[in-house]
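Please see the structure below; I have some questions.
Note that the chains take the letters A, B, C and D in the order they are written out, and that residue 1 is the start of every chain.
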Amino acid sequence: MRSDIPLSRDRNARLVPVLVGVMVFLAVLAASGALALDNVLDRWRRDVTGTLTAQIQAAPGLGAEARAATDRRVALALEALRGHPAVASARALDDAELTALVEPWIGAGELLDDLPMPRLIDITLRPGAGGDTASDVARALAAAVPGASLDAHRLWLSRLMDLGEALGLLALAVVAVVGVATTLAIIHATRAGLTAHRPVIEVLHLIGAQQDYIARQFARHALTQGLKGGLGGFMLALPVLAGVGWLAAQVEGGLIPRVGLSPWDWLWLVLLPLGAAGLSMLTARVTVLHTLSRMP
Amino acid sequence: MADDWEIADESARLPHRPPGAEDTAVVRFERVGLRYDVGPEVFRDMSFTLPAGSFHFLTGGSGAGKSTVLGLCYLSLRPTRGLVTLFGHDVSRAPTRLLPRLRRRLGVVFQDFRLIEHLSAMDNVALPLRVAGVPEPDIRRHVPELLAWVGLADHLEARPSTLSGGQKQRVAIARAVINRPDLLLADEPTGNVDDRIAMRLLHLFEELNKLGTTVLIATHNEQLVRRFAHPCLQLNHGALTLRQPEPPQPRPGPRPAGGLQGGRMDRP
Amino acid sequence: MRSDIPLSRDRNARLVPVLVGVMVFLAVLAASGALALDNVLDRWRRDVTGTLTAQIQAAPGLGAEARAATDRRVALALEALRGHPAVASARALDDAELTALVEPWIGAGELLDDLPMPRLIDITLRPGAGGDTASDVARALAAAVPGASLDAHRLWLSRLMDLGEALGLLALAVVAVVGVATTLAIIHATRAGLTAHRPVIEVLHLIGAQQDYIARQFARHALTQGLKGGLGGFMLALPVLAGVGWLAAQVEGGLIPRVGLSPWDWLWLVLLPLGAAGLSMLTARVTVLHTLSRMP
Amino acid sequence: MADDWEIADESARLPHRPPGAEDTAVVRFERVGLRYDVGPEVFRDMSFTLPAGSFHFLTGGSGAGKSTVLGLCYLSLRPTRGLVTLFGHDVSRAPTRLLPRLRRRLGVVFQDFRLIEHLSAMDNVALPLRVAGVPEPDIRRHVPELLAWVGLADHLEARPSTLSGGQKQRVAIARAVINRPDLLLADEPTGNVDDRIAMRLLHLFEELNKLGTTVLIATHNEQLVRRFAHPCLQLNHGALTLRQPEPPQPRPGPRPAGGLQGGRMDRP
């Protein structure tokens, strides 16, 4: 393509790239936050949905006899659970698993062997189990086996999940609001940048340039500026994201899954600066054509 | 400069204006009236015709409406009433697609120059050629030549803000004539230059006129009007009168022979 | 004060208020998020720090005898706990409290009375108890009373707390980043708005206006514009905050405390638009004085 | 208009310039040189003096440096070499605090007008008064009077962009003279108006001059220079020569008696 009007020599017009940069920066932060939250929720969902844990109190006393009594209770509980219509499968955790679970809280050692440890049963529910299934199973279990109860912990986690999902929706809503604000700001900055160019548009018009020729000049200029700003803002956001990721990795507990972004998430994030630049370009085009349409 | 500016096959460039058809109207006003927004009418019932190849001055007091008449001619304004035709097209009813093509046949020197501030003198003058899609090597050849001719060889890369008033005006004139327009409209084109340069610029306009360009120059400079024997449209209280040139006066000094060639004019 | 140069008649200069508005809007959202998170953490902290819950398994069997045995275990556990140097006080939950706790999971009714319910003991630790105090207490308790254990649930919550605190820090960091970006954007927009006024500044200067007179004109203009934009952005943020608050109220669980902002928090939020306007004013003043200082 | 513009106690307003001390230099250039950035020197070793109460023209070709000389006088430029004094102060060494006070004693008509686009004609003209802290009621009285006198009574509230070229120029002139400056610098002040208005404006400048204002007018209009018998500074290739007025020519038509009074000039 032949040489065009060198609009980019206009040194006053640094505002648009800087503002697009700041906006993309903020939008990337907001979007990656929402995406990471969504990922966490996803893992929780996979962990929690459709599973329960039953706890069977150990029979009193120490020694082999008491153990045998406890084993019987567990067998009884398993039978009761497997008979329940909502339960797909039930599996008792073995000693090693139990020890591993308790160890962090009470410490390892021979002490553990002496304690009358409660037993745990992993229950998988049939798909489509309703919200009160857990209470139903709990009642059935308690009736069948004395000293057996459902683990409130898991139940509570499932509630936390609901909360998390609602918070996720909320985060998405906030991201949407940030997105709208960002979009408006980019549109406005681009248009304001063009008001400084109104005399140029007028002269080009009076010189006999086609509307499309003029609009293309400015759209290309805006695209370049928007890309510069958008990619700049994106680049600035990367170290911040890395820092946040590092902090998050530091605090990862057993419950909180690894916070991270999938390749698909990255694709979404990369679309933000490109979208901002495209938006700036489109705004320039529409604004210029609108300005021209009001000139005779 | 010379080769490109001397005529060669002018008729080929202007098929719409067969040689000898001097009576073809390039601009025609018929009972034209114009008001800005809600203001009073600047003029009304104005009628005149600029035949192809003619050369007219347009005079009138400050605020009489000279720039407004020119604005109607270069399609920056639409008449509130009446008919304006340009190259035979009714400008009020011409389809929008057509207007850029009409505008490219015009050269306009604006009273306030309207140079683009962030472009160099060269890029400003090159603008009409770029818009018309002239190949870049041609632009690189023609533009510096014309700028040298108006005395700005040393200022090719200067931004308008670093030029003196008269230098800006000459850039504006160069931009108006660079594409050898069919109709040249100049608004007070010599207000910021001294008499010598004014003469030189007027000769440039006459030279263009001889190549077939129709010329209309709005000016306050009575001396100029008297010195160049061309008919003059006089605006007075919204009424237009045509004044034919007085019997030719002796021209000041011999007219330069190689009209459009010649050296620099800067700091004469 | 006498009539001044009516800068506000310049209709092209709507960019600065709009951008300040968008920036304040985003900053208010970010800051109120951080403040609300801080509040949640604060309540968790108050709930969790220095408290533990011990669980005492019910003695096997039903009826009064078994109950009495369980009561003895509780008394034993209380004694052991109160004797521990890290424990400030220990209190057994009574039947009503226990029933209230279990009810949501198992359902109310006579069934409950029949079940051998485990007992809970609220433990308050002495201030300054270290991170491994909980394990220490747990070991002492398990040694003293068979079937007694510390509630892993609370322990886990304390870990969650640590996570939450780290996340809170992180949120503050993000808010700081947003704040810096916002500040830069407002400074830049104000300066860009002023470039359009450079000829005005020049003319005022050449006409013999004092530097301070010129700077004051523009600073006042910028303040007005900034206030307009900042308060606008703040007003727009209010319904969003209300919506988020409503959503949060919907999902409040027993664990998640009420999300809300204190009057002090609101003071901070109100400071944002005022600060933005002040920033805009200061930027205008500094920019104008700088521009003037480079004119002879 | 008349009462305020007719002299009363001029000496009281100008304590720095005792009556009769015509030899006091208002502007003095001593071997002044100036270059823009890295460009060539526009001129060098320029020396001249404008005594208090004098009236000079400044002529020279386009790009000769007239606007540059004026820029040095109104403290928009600093000399690269040599000494410029204004009202006896060396402008290169005057403390920054002092400069605004010196500038308020000037009235400047810029070649490109430099009107503030978003202010009405009235507000533009009122600017020097506002800056000087003149009470608002006085502003409301004086400004419309002066604008009426230059023929813009109908355009008090017009934005500069809705004014014709000559109307803008008259607003610029009104702004320059509204505070009865001690030194009036006008750059091509009649480039956009017709001869009648040019005469009228020149008479305004002469009237001010009689009240004690020192006047320096840069112009290309040879006719004007010839018609008003004042000394003329001629710039040529960076060198300045002073040309004393030719023996008085017959003035064109009788000079208006009530010099600064009179009707409107719009659309004469």
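Assume a contact is a pair of C-beta atoms (placed from the backbone, for glycine too) under 8 Å apart; a residue touches a chain by one contact, two chains touch by 3 or more.
Treat the numbers as computed from the prediction; the structure is a model and nothing was measured.
Shared contact partners of subunit B and subunit D, listed by label: none present.
Centroid distances built from C-alpha atoms place C farthest away from subunit B. Chain centres here are Cα means. That of subunit A falls 20 Å from that of subunit C.
Between subunit A and subunit B, the centres computed from C-alpha atoms are 65 Å apart. Distance between chain centres (mean CA atoms), subunit A to subunit D: 70 Å.
Listed for subunit A are residues 12, each touching two or more other chains.
Residues of subunit B in contact with at least two other chains: none. Under the stated contact rule, the graph of chain-to-chain touches is a ring, a single cycle where every chain has exactly two partners.
Across the assembly, chains come into contact as A-B, A-C, B-D, C-D. Residue ranges of subunit D in contact with subunit C, taken from their complex: 74-78, 96, 100-106, 108, 114, 116, 118-119, 123, 127-128, 130-133, 135-136. The touching residues of subunit A, counted against subunit C in their complex, run 12, 14-15, 18-19, 22, 25-26, 29, 33, 57-62, 105-107, 111, 115-116, 118, 134-135, 138-139, 142-143, 146-147, 149-150, 152-153, 155-156, 159-160, 162-163, 166-167, 169-170, 173-174, 177-178, 181-182, 184-185, 188-189, 192, 195-196, 240, 243-244, 247-248, 250-251, 253, 255-256.
Of all residues in subunit C, only 2-7, 9-12, 199-200, 202-211, 213, 295-296 touch subunit D in the complex they form.
For subunit D in complex with subunit B, the residues that touch the partner chain are 36, 59-64, 66-67, 111-112, 151, 162-167, 169-170, 187-188, 191-197, 220, 222-223, 236-238, 265-268.
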